[in-house]
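Quick one: the structure is below, and I'll ask about it shortly.
For reference, chains read A, B, C, D and E in written order, and residue numbers begin at 1 within each chain.
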Amino acid sequence: TGSLQAQTTIRVGAFPNITHAQPMIGKANGDFEKAMGPSVKIQWTSFNAGPSAIEALFAGAIDMTYIGPNPAITGYVRSGGGALRVVAGAASGGASLVVRNDSGIQKPEDFHGKKVASPQMGNTQDVALRAWLKAHGMKSMDKGGDVQVVPLANPDQLTLFLKKELDAAWAPEPWATRLIREGNGRLFLEERDLWPQGQFVTTHLIVSAKLLRDHPDLVKNWIRAHVELTDWINAHQPEAKRILNQQIQKETGKALPPAVLDEAFARLQVTYDPVRNSLLTSARSAYDAGFLGKQMPDLSKMYDLTLLNQILAEKGRKAVQ
Amino acid sequence: MTTNPISQPGFSEHRSPVRGSVTPHKSGLVPVRSNGNNGTAKLTLKNLSLTYKANGSSRLLALDGIDLKVKPGEFLCIVGPSGCGKSTLLHVIAGLQQPTAGHVLVDDNLMDGPGTDRILIFQELGLFPWLTVSENVEFGMKMKGIARAERQEKVQYYLRLVHLAQFKDSYIHQLSGGMRQRVALARALATEPDVLLMDEPFAALDAQTRDLLHDELERIWAETGRTIVFVTHNVREAVRLGDRVALFTFRPGRIKREYKVDLPRPRHLEDVTVAKSAREILDDLREEINKSLEAEYAGEVLKR
Amino acid sequence: MKKFMRHAIFYSVLIGIWALLAKLKVWPPYVFPSPQGVVESLAAGFADHSFWIAIGVSMKRMLLGYSLSVLLGMVLGLGVASNKFLEETMGGLLVSLQSLPSICWLPLAVLWFGLTEKAILFVVVMGSLLSVTIAMETGRQQMPKIYGMAGRNLGARGFRLFWHVLLPASLPYIISGLKQGWAFAWRSLISGEMIFVSLGLGQLLMMGRDLNDMSQVIAVMILIIAIGYIVDGLVFRTIERRLQQKWGLAPAT
Amino acid sequence: MKKFMRHAIFYSVLIGIWALLAKLKVWPPYVFPSPQGVVESLAAGFADHSFWIAIGVSMKRMLLGYSLSVLLGMVLGLGVASNKFLEETMGGLLVSLQSLPSICWLPLAVLWFGLTEKAILFVVVMGSLLSVTIAMETGRQQMPKIYGMAGRNLGARGFRLFWHVLLPASLPYIISGLKQGWAFAWRSLISGEMIFVSLGLGQLLMMGRDLNDMSQVIAVMILIIAIGYIVDGLVFRTIERRLQQKWGLAPAT
Amino acid sequence: MTTNPISQPGFSEHRSPVRGSVTPHKSGLVPVRSNGNNGTAKLTLKNLSLTYKANGSSRLLALDGIDLKVKPGEFLCIVGPSGCGKSTLLHVIAGLQQPTAGHVLVDDNLMDGPGTDRILIFQELGLFPWLTVSENVEFGMKMKGIARAERQEKVQYYLRLVHLAQFKDSYIHQLSGGMRQRVALARALATEPDVLLMDEPFAALDAQTRDLLHDELERIWAETGRTIVFVTHNVREAVRLGDRVALFTFRPGRIKREYKVDLPRPRHLEDVTVAKSAREILDDLREEINKSLEAEYAGEVLKR
């Protein structure tokens, strides 16, 4: 299939965001181009939000993308399992419950009657927040409890922190850090403390089912490069952070303040493990909270980690679940 | 000397069929009955009626059973009280308004819709404010597909005719009322239609300019054999210009009477014969208006 | 000269109030930046060329998309105007279709055009197209009857009637549609540029909001306002002035 | 009756094409849902009352926000019209301010009004306010001079001149502005309703998009179109028809 | 019998100061010089000039050094060639147009801007299409703050005067040209100003209706002592109505000559004396137009 590969272009999506370290750094350094060889052309597209990336994947405008768990689930469920597969992880951790310093919250019980924000109705943090409240015997107002859960865009959370109209927020990085640094906030808990081994998925790599079917070799090459890049990042954190920030600046015109970057990055873990169980657990909670329809969707076929595990085996590492 | 190509001996009066004499009436007017003859007509109006929706559910009968023939090359003047339906009639002939009943034949063919064979000078003029004077005059020719060079020659000719050559690049709002009226006149003449429908085209002109334009119009008419239907409220003007004058009743508009004008051309507005003929029509008109005023106020007389 | 002075005073006072509010720290500077902060953002943006690039990219899209939607909007307006069937069916839908937010067109744009410039153009065109059509339809509905009558009387028919009479006669209305269309086009462009990261001003604006960087948001707003101001002065005011001169219309006082 | 038939045919054909495209699976159903899918979404939405609630909530906001912006837009229009200073300074900014996307107002709305209905109303008002003002200004600029002259000649001055002459004389223009304003208001409402979970149609639309649920997106689009269609028929067409009757304006053919 | 409250013996002609005789001229006209007397004037125009911007950079001098006094209760008629600046002059007096030079005094006070003491009937009428006929007539009174009941009484009175009582609820577009003109007349009369400025108010009316309205206007004028400046292109009408007739030159508009009309009232349009006087003015007008036409075409004569 050499001649076929000669014309192959693969179109990849990613977000200019610190939870997308592999694609950003790989893009900056040309690592993927090197790994895929001259016969494959890589066409990068940066997205601002998950739904757009899923839309593009649905429309056949991209072949694979780095993306958060939520849009991946909706994309999988919406297409009846036909559109995409998760083939690797990219990042774990990086979400925290931040409380406003003068909100008077010291312990979980203090959340009674408070106003707590999540980024979006039904997304991972929203689900995590509701599950955590439930675990501590509280309910959100719409379920008849006394904690007001307000889904709210991250920037608005900061504004309302400053206006003292919001008491707490379950936020991903770098917003958790910014709420702490700029919004007079305090870290109440890190979500990773709630998970086994402190791992829960934040970003993973999905590919269209079609690409996986037609060009498993390409996907495999990509995953290999992805794994190697992950290792490199973990081994060269300071340089990785510098390149990451540069790339973010290049694409968005704005770099993160170094302090925010450092603090946020510290709460993240760059990994190739998709932490499948965390997603399934989270999906279960989401279903319990009524976000996934009348029937618990079957997510068992959402993962195809064969290629990843092959590569890990090549490298003599432990397979992931 | 008459430039009128058609010459028909006298006929009886239109509505009340009293026979007129064949020799010219002493005032120069001969009552005629236009429907009597069967020669080809340029325009034939058959039993035309038109009802307007007025306020609410009430209706206004503007034209009521108009029968009229206009012969090719005839100069027909229409006079009548204000609001009797003269403009409405011209709109119908131009094909811009649908009659409620009856129909219009042009050259014995059923007319449907407007055509460049019948050009109307609107009472409201209807000049295009987004065009200059010369572009306005050019408009009809452009629509007819006349070549640019010829168009411009004609624009110049007709603008001179109406004494507006100097204003060819002006926009309409820069003209006085009378100048606008002359632009509308030039625009219609320049289109050179078979039938010219003119709705009080000289109403806003000073006496002298009007006299000059009377002469020009008569000359063009005589030279080209055009058919002209000319609405005016100036009875003298009607006698000055027309082969025939039709007098409309007040409301609804009917043809009360027709007069053949048998005075030799060229005539002049101030001619004694013209004045005399006009006075005769004016008397009929006056009678018509008084009758209708009385009707309108149910016998109540306006205090004065 | 005097006019310039008045302008200068007006804007100075505006900026003065702003600076005062910022100085008094009525609201935290994160959400209510000072003029200096915004000027710094502007300077930085221009210095690292990101603003220049964004302006260039977005203006290109605006010019293309806007021209296209004016053109198509007019054609559609002609269609609706000249075809009774279209008028009945489409006519009543114009306002409602125009009120669909751009977000509705994003999936279709991606589906039909992929992640290309065309997708963004599509969103811009869909966003402002009907605005021009609405204005044309209103113009045609509200135009004095005499113009159409005079045109037909002088032999104008069909397309020629439209082009030589109906269009110029409703130009005063169309201008308003062009202005509103411009506003719609900008807003749609900003939405369209959210499909993917595409360097435009919309991107910068959204970045600013996503990072809660109000200085940047306001800097981009100022850019949009400035561009609009220039276009308004160069295009719309010029058309308006010419129209006023020709028609002898004048602002009543 | 015949008109109804023509409508029926038109919409049937449209839906037919859509159904055919969906049936042929030109695009996967999750990006291009079938009419049945959308009808199901609609039925489900109405069955669990969420659509009713959303329509009620959004319509209330629209009515309030739109009325407010029409009112304020007119007052502003009056100001700009009657005050030379305001005209010079504000006049040129109208189009550019109107072209600022709603996203610019979101931070200010949150800052000033918090998570309240007022914040949403603010976004709606800011989004459509100037649209009416632009139309009024155009109307005033493009109005035949004679009306103002006649009004002043008969003793109308200042506010009375505006109210009794300038306003009715520019009503044909204002209608177009009202229509465009309606479209702007809807779009802004959708943006405004994205600030926080606020039950409206904007929320439903965004949920649909966030969940990549095209059936829901299209269902909400249909609701927006239907509401616009009804309002257009009840409000705008009625004003237009009355105006045409009074002024003797008529659609040229 | 003269209803004219002012009676002044003859004066010399305006531009070429040839002394006229104190006894009435044989035609009933007396050339006058209006600037000669020093009594209080209702209107004083001092050296009025007005230049229009024409196309491009060219300019058009519409009014050139007009000096004119109108006495309280005087009926002044203005005649002149089409486009000579008559309407412009009325606009200036009404305060709707700013003269380039000179100024207007009303009751010896400098006039600035329009006022309900001077109501103009526009040549283009300027009726409000969004109001019904009666609302249009009511408008000026409403602006003056007259009570509703009185307004409605007057509306009815003046609508009857112009024979449009039946059309009070119609909108303007539902009226014929002549009817519209009568609405404008009623609107102006109903406002009951000190000074009535009338720009060809009867141009679109049929002869009989116009005659009736001449009588009405004369009656109102005599009863109320209103000052009237009346522009017309109908010289006979000017003689029929006016105490004085001012003849304008072609372009730029200057006062070529003034005539005092010393015929007894009531006069009639068809009176021989009126016709005779009119002919005299017409001769001057004709001379004026021919002169200007010659100038316009630089000696070239229109072929006819």
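What to note about this one:
Criterion: a residue touches a chain if its C-beta (ideal position, glycine included) is under 8 Å from a C-beta of that chain, and two chains touch if they have at least 3 such contacts.
The structure presented is a predicted model; accordingly, all values stated were derived computationally and were not measured.
When the partners of chain A are compared with those of chain C, the chains appearing in both lists are D. Counting steps between touching chains, the shortest path from chain B to chain C takes 1.
Of all chains, the one whose Cα centroid sits at the greatest distance from that of chain E is A.
The most distant chain from chain B, with centres taken as the mean of CA atoms, is A.
Note: centroid distance chain B to chain D, computed from Cα atoms, is 50 Å. One simple way to say how far apart two chains are is to compare their mean CA positions; for chain C and chain D this gives 15 Å.
Separation between the centroids of chain A and chain D, computed from CA atoms only, is 38 Å. The distance from the centre of chain A to the centre of chain E, each centre being the mean of the chain's C-alpha atoms, comes to 85 Å. With touch defined as above, residues shared between interfaces to two or more other chains in chain D number as follows: 27, 31, 106-107, 111, 145, 147, 165, 209, 243, 247-248. Taken residue by residue, chain B touches two or more other chains at 124, 171, 173-174, whereas all remaining positions touch fewer. Under the contact definition stated at the top, the residues of chain A that touch 2 or more other chains are 55, 58-59, 155, 159. Annotation, chain-chain contacts: A-C, A-D, B-C, B-E, C-D, D-E (touch as defined at the top). The touching residues of chain D, counted against chain E in their complex, run 146-147, 149-150, 152-156, 160, 164-165, 168-169, 171, 243, 245-248. Taken in their complex, chain C has these residues touching chain A: 28, 30-31, 45, 48, 50, 54, 106-107, 110-111, 114-115, 194-197, 203-204, 206-213, 216. On the side of chain C, the complex with chain D involves touching residues 3, 6-7, 10-11, 27, 31-32, 81, 85, 88-89, 92-104, 106-107, 111, 130-131, 134-135, 138-145, 147-149, 151, 161, 165-166, 172-173, 175-177, 179-180, 182-187, 190-191, 202, 205-206, 209, 212, 214, 217, 221, 224-229, 231-233, 236-237, 240, 243-244, 247-253. Partner chain B is touched in their complex by these residues of chain E: 52, 54-56, 79-88, 123-124, 132, 160-161, 163, 165-166, 169-171, 174-179, 182, 199-200, 203-210, 212, 215-216, 219, 233-235, 270, 279, 282, 285-286, 288-289, 293, 296-297, 302, 304. If you check the complex, the residues on chain A that touch chain D are 50-51, 54-55, 58-59, 71, 74-75, 78-80, 82-83, 120-122, 150-153, 155-156, 159-160, 163, 165.
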